[in-house]
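For clarity, chains are labelled A, B, C, D, E and F in written order, and residue numbers in each chain start from 1.
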Amino acid sequence: MTISSKPVLISEDKKRVDGRKPDEMRPVRIAVGVLKNANGSALVEYGDTKVLAAVYGPREALPKYMTSPTRATLRVRYHMTSFSTSERKSPAPSRREIELSKVIREALEAIVFSSLFPRTGIDVFIEVLQADGGTRTAGLTAASLALADAGIPLKDLAIGVAVGKVNGVLVLDINELEDEYGEADMPVGIAPNLGEIVLFQLNGVLTREEVKIGLDMAFKAAESIYKTAKEALYNKYIKLVEEVKSQ
Amino acid sequence: MTISSKPVLISEDKKRVDGRKPDEMRPVRIAVGVLKNANGSALVEYGDTKVLAAVYGPREALPKYMTSPTRATLRVRYHMTSFSTSERKSPAPSRREIELSKVIREALEAIVFSSLFPRTGIDVFIEVLQADGGTRTAGLTAASLALADAGIPLKDLAIGVAVGKVNGVLVLDINELEDEYGEADMPVGIAPNLGEIVLFQLNGVLTREEVKIGLDMAFKAAESIYKTAKEALYNKYIKLVEEVKSQ
Amino acid sequence: MTISSKPVLISEDKKRVDGRKPDEMRPVRIAVGVLKNANGSALVEYGDTKVLAAVYGPREALPKYMTSPTRATLRVRYHMTSFSTSERKSPAPSRREIELSKVIREALEAIVFSSLFPRTGIDVFIEVLQADGGTRTAGLTAASLALADAGIPLKDLAIGVAVGKVNGVLVLDINELEDEYGEADMPVGIAPNLGEIVLFQLNGVLTREEVKIGLDMAFKAAESIYKTAKEALYNKYIKLVEEVKSQ
Amino acid sequence: MSITPEREVIPTMQLEQVVKSIKRGERIDGRGLLDYRPISVILSPIKKAEGSALVKLGKTQVIAGVKLELGAPFKDRPNEGVLQVHSEFVPLASPSFEPGPPDENAIEVSRVIDRSLREPRAIKLEELVVEPGRVAWVVYNDIYLIDHDGNITDASMIASMLALATTKMPRLIRTESGQYTLDSTTRETPLPVNLLVATVTIGVVENTLFVDPNLEEEQVADALIVLAVDERGNICGAQKKGEKSVSRKILDSALDIAVEKGLYLVNTMRSILNNPQSYIKPLIEM
Amino acid sequence: MSITPEREVIPTMQLEQVVKSIKRGERIDGRGLLDYRPISVILSPIKKAEGSALVKLGKTQVIAGVKLELGAPFKDRPNEGVLQVHSEFVPLASPSFEPGPPDENAIEVSRVIDRSLREPRAIKLEELVVEPGRVAWVVYNDIYLIDHDGNITDASMIASMLALATTKMPRLIRTESGQYTLDSTTRETPLPVNLLVATVTIGVVENTLFVDPNLEEEQVADALIVLAVDERGNICGAQKKGEKSVSRKILDSALDIAVEKGLYLVNTMRSILNNPQSYIKPLIEM
Amino acid sequence: MSITPEREVIPTMQLEQVVKSIKRGERIDGRGLLDYRPISVILSPIKKAEGSALVKLGKTQVIAGVKLELGAPFKDRPNEGVLQVHSEFVPLASPSFEPGPPDENAIEVSRVIDRSLREPRAIKLEELVVEPGRVAWVVYNDIYLIDHDGNITDASMIASMLALATTKMPRLIRTESGQYTLDSTTRETPLPVNLLVATVTIGVVENTLFVDPNLEEEQVADALIVLAVDERGNICGAQKKGEKSVSRKILDSALDIAVEKGLYLVNTMRSILNNPQSYIKPLIEM
């Protein structure tokens, strides 16, 4: 890998490296129900970040792990394919992947009505197909949509979006270059209808006020992603209805 | 390791590096019942390739794996001792050993009357003591003899033999040098009485016709190895009878 | 690490590298009941060697391992913290730690009345905080004190002490420098009241007579460590009584 | 250690139906015995990889990605680049897959594909050495199965072959101190490919042979015969799978079928590669 | 893979008591909502480590040890030393810990501490390079939890920070052949530390916030918000934990609390470091 | 972690018989207390190894193989070759062995043998350095137990010692660029051996001592005392095994027995090594 000097992340006319304004998301594309085997699935793209999620369950839990008499057990795996990153990633789970699996599981625990399915397991598998910043937030969005697609009752969707700080400016939905050379990356998971935060991390240094402004930006962006997500769910529903009709 | 240039594998008078004719096996030596603890065992030598196999079972399966209510579960491990190869082999199972364990298990599934022993496990352990080409085929022969020695009802023995192509000539039972510098290695597992194929792999490039000719060679060789194998079983039986008589 | 030439381990006036006489222990410091969660615990120092032991149990054994209908199952782990050694130690268990866990477990089996607690597990966890020679012997002492502190009936304490040979002289309780450059390290575990040996290893070359003399030294030293150990147990008992009174 | 797998529990009625269909020569999904399912392809979906392809074979979906690095050649192949094939059966692809390192089935697929590429010299590894014995290109061909509806091997092979054949190598930079690095932002010369290879997976039910088994057909098959065929019609790999034996006659027929269908698959790939732009499209169509 | 953990079984009566106490603003151990438990410290208990500290936060006990080695810098950071943070939840610390490699909880703690040290540049890693791109100091910050009574993160952070701030580097020797070694018998210059950082763990029970949860309080908390604060009062790390969501209002309050209590912890550490001799004492007092 | 093993379930009657026999001084297989079982040996059965030996001690069978490679010396032993001893209890040797990495029993055997070879300097490691601190011979002594009928340690030690003492080193080649390789087709000078070492395993049942326990005797023994003895009669290794303690008196007696039987085993090995041709024979006699 060639070592480049730190690039200019915000141009004089306040444009970012990919031409976006500070509070502008990358194009968000969402498809639901993309896999045959899984009970629910979703493919989510934030720009060049592409994440696939599948849900199996509620299903009889394997003997390998315990179930609970009062609720469904969630098993969540966040995993990066080996070709998703600039340098090939070893397929073995890294410490980062183990941490993010936990953080995303806890975010999903907050939205799943798990008490409806005692003694079962709900498995959520996330594969990052291409990583260009924001894989955990796109992954959270994909996971909650796959849960919805699987028909599992949810309190709300969980929408992930990262706020960053680059060249002193707070920006929305940072890409890899901004993450690498910027000052902060703050991934936030939001349940837009509940107005609640289900995931919150900070990697970098911000003032207390910057955190609060960043949260405002995240809440606003979550609303807009939420709309796209609902459309994707609706599109699949429409398609299903049409299929039924045409039979 | 010194890098040598490719050796002449077939001399002008059609002899191979070890002096054999193309359709000539290396000396095959077989002994059955060579271990005290195992329910059945066999030591098989194809020239300098020496493989030991042991069978335990049918026995109560360990809690670690599932049993079937309708059949015996086979567990097969093909393993190379660390001193069996030119460069010392790490004792941890390699991807090659994992694949060959599966291939040999499936070959044995085809000859064991496994439905006779529901809810039990039959364990087959193969240790390559010295590797000079044809370890999986000698291993298959040894495994089927160890099963026979353990008194497990078999549809037939499974006899392994490899056909190779070296310097453009199809040859029987290739050794390591021929494997390394030859054009193809085609291991075949044959149930001689049934006339059936239980293992079939090809590592190399052959025409469709060459594959068929190679199969003819393998079937012929299997007949001859089968004779040696039966003698070894008979010898052990004779010895047992003599022991019983002498008591 | 810089390679130093072999140091003089016994000076002309028969003093050792740290000024001790051949049959002199390093200062032994013992505290019992140092942890809140564990049922029993002990911290033992032989000079700069510092070892912490904790006991959980008798407790319901986890499904991961079998219990016995006739006795308690002992699980013993001897482990070195990564900062305990001169070169940082990987936290993964080494072959040495696996062996010493077994050797210490067998020593403890000899003193625990395990038949009093059928179908339970007694877990002994030893962490070496700082290693300066004699970690297994200090660890054994700590483990038996943690068992006593947990109220588990014992036939006797097990006191560990190492005898070494340096510059041709038998010496007591060798430190790391003496271990590294000396001729022999003979760790001994002794049940002082029973007069029995529960652990015995030799790493080095000794004559048969030297072994016997070394054992005499070890038995003598064990008596003295035993006294310190009993005081530590007594101190904790006194403290408890005072606490109860003051309530 | 290889252990007899537990059977998937499928209602017997359904299984019988699958078997009957095959014997009748008309398969449950309406195909003839020697018909492949529709093949749909997206080329280069993963821009971060030097090459990639998503292949749908019926409802089976596979993504292959090719990553290039510099490394040391194998000791016994000082004058060649290194090819590494890995296959991951990630748990999102099937209810029967568990997370963890590749099991024997995933390892078998990757090794069959590895040999089928290596033996006919599908990749010109001899052109991928930088400094003999010291530095060579390492070609990682990573295969992710994302939806499993049978015949993983053939789908994985098509995806691998297309990913490799569309791989563009980044620029190699030699520093003044004689070290090598890659400028991973560039995509320059194509990876040197000698020829195309396909695998043909043939199911056996009693004496009936059929190609491209779907998941249910795999579950009723006595055996599967995987044969790799290169564009010259040679057999360049073989693997019998499954717990039953096959007769000599069956194997001979399978060889004939393999050559025919192998060339069909090679031609399908060739026509895609002749017109790659039509196959570069977004993963999500809005 | 992350799996919903089994709950510890605590008598419900007791749990209810813990919740009631928090809501009443007077905690079961008598503390106010924003009070930390007593902090007791032994500096440099492990002489074999270049730096070490034992910290008791109430009954939670943690030892951090710092080992220094020479190694290669990270490829993308050729001009910096390497910081490695590892946390081990050894089974002697709690009846619920099992032997084995670090689980997701131990990994999370070490990664939160790693980021909270790295991002505000608490250690001057740029001063720890020996030969750019080739040789650098590797700083291992190893954290052993030895008794678990809640709030592992804050206790681990205090122990790490004190161990790092009292670390003395051994002499670096350059041999004639241009190799480097360390004279591990020496302890010379202090490890270059830029600033002090604390983490503040805030528990949430319904709408009540409280700091430094003990084990029982952790078990009833809806969520935990961990916020790292540097000595300038900036937020330099954050991690929401737990299975329930938090409102925007709660998070805003948590940020305010974190800055206040973070500076309190930084000051506590500062006063210890200003008078280190008082904190160097034997592990066992006779 | 070491866990109390489950007992093999043997009918109690039979166990009692074994104990009674020992106490009576006449063992179940007719031996006296201080008699070893017959030792039968095949030298060099594995030509691919630089040295090898198959040893049958009664019905216990062990193969040791010695492989030589070039590698780096240990950092703290720059002037010595490297000895690596590994013992594998492969599952074909006993119904109670499972596949997997070596367990504590296999590790213990290999470490006892390693120390017993290393401490008396049985191998002249100082003659096995090629370039101090950089290149040295690495001697892998790999022990495969293939049939387990008790006293694995002594059988493994005899096999190891015979394999090492008959090892022939391949030719070392120094290339023009100063690299070293081995010509693995050659077998030239013998591995330099200083002296022979045996281990003597002594069983204890109450106050009775006996050597070379078979499997059933091991199961009833209160403890096993393994003592390594070199050809000079020195004690060069020791390991007490088993879950019961031994008295000082027992240990003293064991030391005396060990020296006597150790020299017996050394002499047995010496006579084999003096006449190696008689012990080079095929594994399978037809």
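Just so we're on the same page, a contact is a pair of C-beta atoms (placed from the backbone, for glycine too) under 8 Å apart; a residue touches a chain by one contact, two chains touch by 3 or more.
Not measured: the values here are computed from a predicted model.
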Seminar exercise, completed: Overlap of the chain A and chain D neighbour lists contains none
Exercise. In how few steps can one go from chain B to chain E if every step must land on a touching chain?
Worked result: 3
Problem set entry | Count of contact steps on the shortest path from chain D to chain F | 2
Problem set entry | Rotation in the CA alignment of chain A with chain B, degrees, nearest 5 | 120
Problem set entry | Of all other chains, the one whose Cα centre sits farthest from chain D | C
Problem set entry | Chain whose Cα centroid lies at the greatest distance from that of chain E | B
Exercise. Per the centroid of Cα atoms for each chain, what is the distance between chain A and chain F, given in Å?
Worked result: 58
Exercise. Centre to centre, by mean C-alpha position, how many angstrom separate chain E and chain F?
Worked result: 48
For this session: Report, in whole Å, the distance between the mean C-alpha point of chain B and the mean C-alpha point of chain F.
Result: 30
For this session: Pull out every residue in chain C that's touching 2 or more other chains.
Result: 1, 77
For this session: Can you tell me which residues of chain F touch two or more of the remaining chains?
Result: 1, 99
Exercise. Looking at which chains touch which, would you call it a line, ring, star, complete or other?
Worked result: ring
Exercise. Round the ring, from chain A on through chain E, what is the full list of chains in order?
Worked result: A, E, C, F, B, D
Problem set entry | In the complex, chain A residues that touch chain E | 1, 3, 65-66, 68, 71-77, 93, 95-96, 98-99, 101-106, 109-111, 114, 184, 186, 191, 194-208, 211-212, 215, 219
Problem set entry | chain E-facing residues of chain C, complex | 1-2, 29-31, 35-38, 41, 43, 45, 48, 50, 52-54, 56, 59, 62, 64, 77, 79, 81-88, 91-92, 123, 125-127, 129-132
Problem set entry | Complex contact set, residues of chain D against chain A | 45-49, 52, 59, 61, 63, 65-67, 69, 86, 88, 90-95, 98-99, 101-102, 140, 142, 144, 146-149, 173, 181-184, 282-284, 286
Exercise. For chain D, which residues are in contact with chain B within the complex?
Worked result: 1-4, 6-7, 75-76, 78, 104-105, 107-108, 110-111, 115, 119-120, 225, 228, 230, 233-248, 251-252, 255-256, 259
